[in-house]
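Two complexes are shown next, each including subunit A; its partner changes from subunit B in the first to subunit C in the second.
The block that comes next holds the complex of A and B.
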């Protein structure tokens, strides 16, 4: 049973907009985060994820609600006394201090450590971030990725209970970003610190997190393991925000004891599991990669359904090919695996093809 | 038509290539020749008419520093060296005190205005800029009326108070632009790492805005040193400053040592200004 490190209870926060209105940045948020957990707050900009992070670090106060670390409320503790450290989006390295001074900044405040202990800790984190030999450089003499790692080292050297990371990788280029993702994950494993990671990059969230908290308009839309969030989205927002999804509006009807999804462009049969949606307007969601083209005999799997579509566009990605196709006015995106050059020819523009999908794997949202 | 156009273009290019460097030279000559003339004449040994060259001498410089020289005794002008030195002394006392006070107040103001949110901030901001925009003569007269009404005796102290009223604004502008250019996340980061407000100010904010503070201080020193209009109104009998003194004896005719004093002030100002530019240009 994982132990709770930090619990956020009924957190509310409103902002005044410059126009005189009010924005609910946080609406009654309840969250628990465990020891040694990598949690990601994921959402579009303005969803409240950064506000939530700031209330934990102490740069914003809550209007109501409570934040407890190991059972003790911290909302009246000033930020410099909280057992929390932050890695800022733009790193916020002190420009007038060397790498070493930057990293040991937190240790220097705490006078209880002697020099030998300080050096030991410093060498440990320097090794962890792989920047030996750089300790006397100034921040502006470092590359973006190196600055990022110094910012990380500066935070973890204080051995906080929780490390908050506010979109720390957003300023890095793609290749560096994926390297840093792996490094961050390693550092989290080695240090045993709980990470709360804020991002709007869903791929980053999926690949790194133990748990993802999807936020929308100041409330939690869904939380769970990355694979749960991806394959079992609870609502339209999550389905749409995480990964790519075809979202199609329509109606569920019962006809001669069979359940059907129907709109003006097409219809197909649903299984009994979708009974609850009968006579309701719904949105049906299917991921592009859930389509396939192999001819599967209908008899072998009664839940396979198919669409006859016309190809509008195809985009070749190497291992995959993305096909934009339509039935009447309805456009679909499909991502198909391919392994040889011949297969690509099957998806020429304007060709009529059949695409298949497993009805049990689709999602309906009201 | 196109031929005409081409000719025009040629002419323009010709002017650009030949005349532009010329223009730059003329521009700088226009500004610096008067200053060079003063420096040149400060070495003139003519005791009767300082405008006519009569040989090279260091005597005027010597006489400023209190040495007796032959030229000094021969000079037909009114004896003014003591008054002049007294005015210089007053000016230095006033500038130094004013710089310390206005740098402190201006920096505090800048910190409050840039780092904190409060009601009527825009209004206060405008109030701080106002002393710089108001014409000196208006500021001088109003300060005089104020001092007389309140009953402050005109002296060195009234000049110090008067100078501080507008020099705080200059310091404020220099320091606040430096502060605004500084990422406030740095202060948050220090806070986050365990530094309280005082520690953060000492270790982060102050070192980073120090060049701005220095720049503001040097600027206010120079402005205070050569302010004439405002000082003219609020200077008491014994508290004449150097610019006011020079202005006062202009018509009476002054000893050529004024050139030496002016030359020294030019060099001093250049050093201070260069220092100021150096500090302001230091990168964050």
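The block that comes next holds the complex of A and C.
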């Protein structure tokens, strides 16, 4: 049983808009975060993820509800006394201080350490972020990635219980970002600090997190392991926001004891597992990579269904190919694995092909 | 090539303006400061360095005599200007800090209030101060009425009155650069300091104050230089009691009609000012790189 480090209970927060209205930034949020856990708050901008982070760091207050760290409420503790540290989106390095001064800022204020201990810690984190020899540089003399790492070091040197990261990688280019993702994960493992990571980048969230909390309009839409979130989305929002998916509206009907999904463009049979949706309007979700083109004999898996579609566009990515195709007015995106040049020819524009999928793997949402 | 042409074209009006209205008078001033004063005003075209000697200590003793009083007035002007800088800084810093944290609409309103005095004549405002400060003025009347004092205080024609006047007219010059640099400080830096354990006091001294240094420096220069050369304020509020270097220059030109001596004082004042500006720019450029 994992031990709870921080618990957020019934957290609510509203903002006044400039037009005089009110926005519910947080609607009754309940969350627990465990020791040594890498949790990601994922959602589009305006979903409340940054607000939630700021209420933990103390830059925003809650209208109601409570935040406890190790069982103790912190909502009346000023931010400078909370056992949390933040890595800011724009890094917020102090421009008038050297790398060393920046990193040891928290220790210098704390004054509980003597110089030798301070130096030891400083050298440890400097080694961790791989910036030896840069200690006397000023922030403006560093590249974006280096600044990012200094910001990280400045936070973790204080050994907070929780590290809050507010979209810390969003300003980096793609390659640097994927390097930093690995580094962040390593640092989290080594330091044993719980990370709460805010991002709108779903790939980043999937690759790094122990647990993802998907947020929508100030509420938690779904939480779970990355693979759960990806393959078992509980609602349309999560299915749509995480990864790419085909969302298709239609109706579930029963006909001669068989369950069918039906809309004006096509229909196919569903298994008994979908009984609960009979006579309901639903959206079904299938991921592009869940389609395949070949050769699975229908007898070997009775749940395989197929669509006869027309190719309208194809995009070659190397190991796979993306095909945009349609049945009547319904457009699908499929991501297919390919391994030789000949296969590509099968998917030329305007060709009619069959695409297959496993009915048991699709998701329906009301 | 085209670029240089363009540049030349764009800079011509300003270059002409500077040459005619700034460099010209300064050259005339510089020339006059090295000429012999005429007996009845005007100048005699002889090279003559004793104008400087009269101030700095090597006068010939025939036409001009060394008098340490000018040196003292220089020092006193420095002192008054410095005190003005300190008082305006103390008044403006908290105000600028406070206004910088207001909502945008309120910010504009308060900035307007700060610049409000610019909309009326300086001399009129100083006369108002004379009325306030004089023995039968409002302040004295009030203090007499509430029986805090038995006889009117001598406030007008004192150094204090001059300081009040200088501070009063120069406050906006301290405020604006200060405000500009405080307002520029990224709020996430303040949050970062809080986040790392810095309370308000620590954050102020370690982050806000150092980062607003260019504003402090700029405001100080903008207040110090006009106070140093000011003559209207000491004239009206200091009377015959308080002399600043500006008054001496004014008197040399207008009363004693010793133009070379006045020019010489003005040149010395200018050298001081330019030296200050030189260091100001040097320090500032160091900061510009960082912030």
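Convention: the second predicted complex is superposed on the first by the 366 of 366 C-alpha atoms of A that agree within 3 Å, B and C clash if a C-alpha of one lies under 4 Å from a C-alpha of the other, contacts with A are read in each partner's own complex, and residues count from 1 in each chain.
In the analysis below, contacts are C-beta pairs under 8 Å (C-beta built on N, C-alpha and C of every residue); 3 or more make two chains touch, one makes a residue touch a chain.
If you're wondering where the values come from, they're calculated on a predicted model, not measured in any experiment.
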Clash-or-fit label for the pair subunit B, subunit C on subunit A: clash
Touched partner set for A:138, first subunit B, second subunit C, both or neither: second
Touching partner for A:90 - first (subunit B), second (subunit C), both, neither: both
Touched partner set for A:98, first subunit B, second subunit C, both or neither: neither
Partner chain(s) touched by A:78 [first = subunit B, second = subunit C, both, neither]: both
Overlap of subunit C and subunit B interfaces on subunit A (superposed complexes): 57-59, 78-81, 84-86, 88, 90, 92, 94-96, 105-106, 109-110, 154-155, 158
Contact footprint of subunit B on subunit A as seen in their complex: 57-59, 78-81, 84-86, 88, 90, 92, 94-96, 105-106, 109-110, 154-155, 158
Residue ranges of subunit C in contact with subunit A within the complex: 186, 188-189, 191-199, 202, 206-207, 210-211, 289-291
Subunit A residues within the subunit C interface of the complex: 57-59, 78-81, 84-86, 88-90, 92-96, 105-106, 109-110, 138, 140, 154-155, 158
Subunit B to subunit A touching residues, read off their complex: 183, 185-186, 188-196, 199, 203-204, 207-208, 283-284
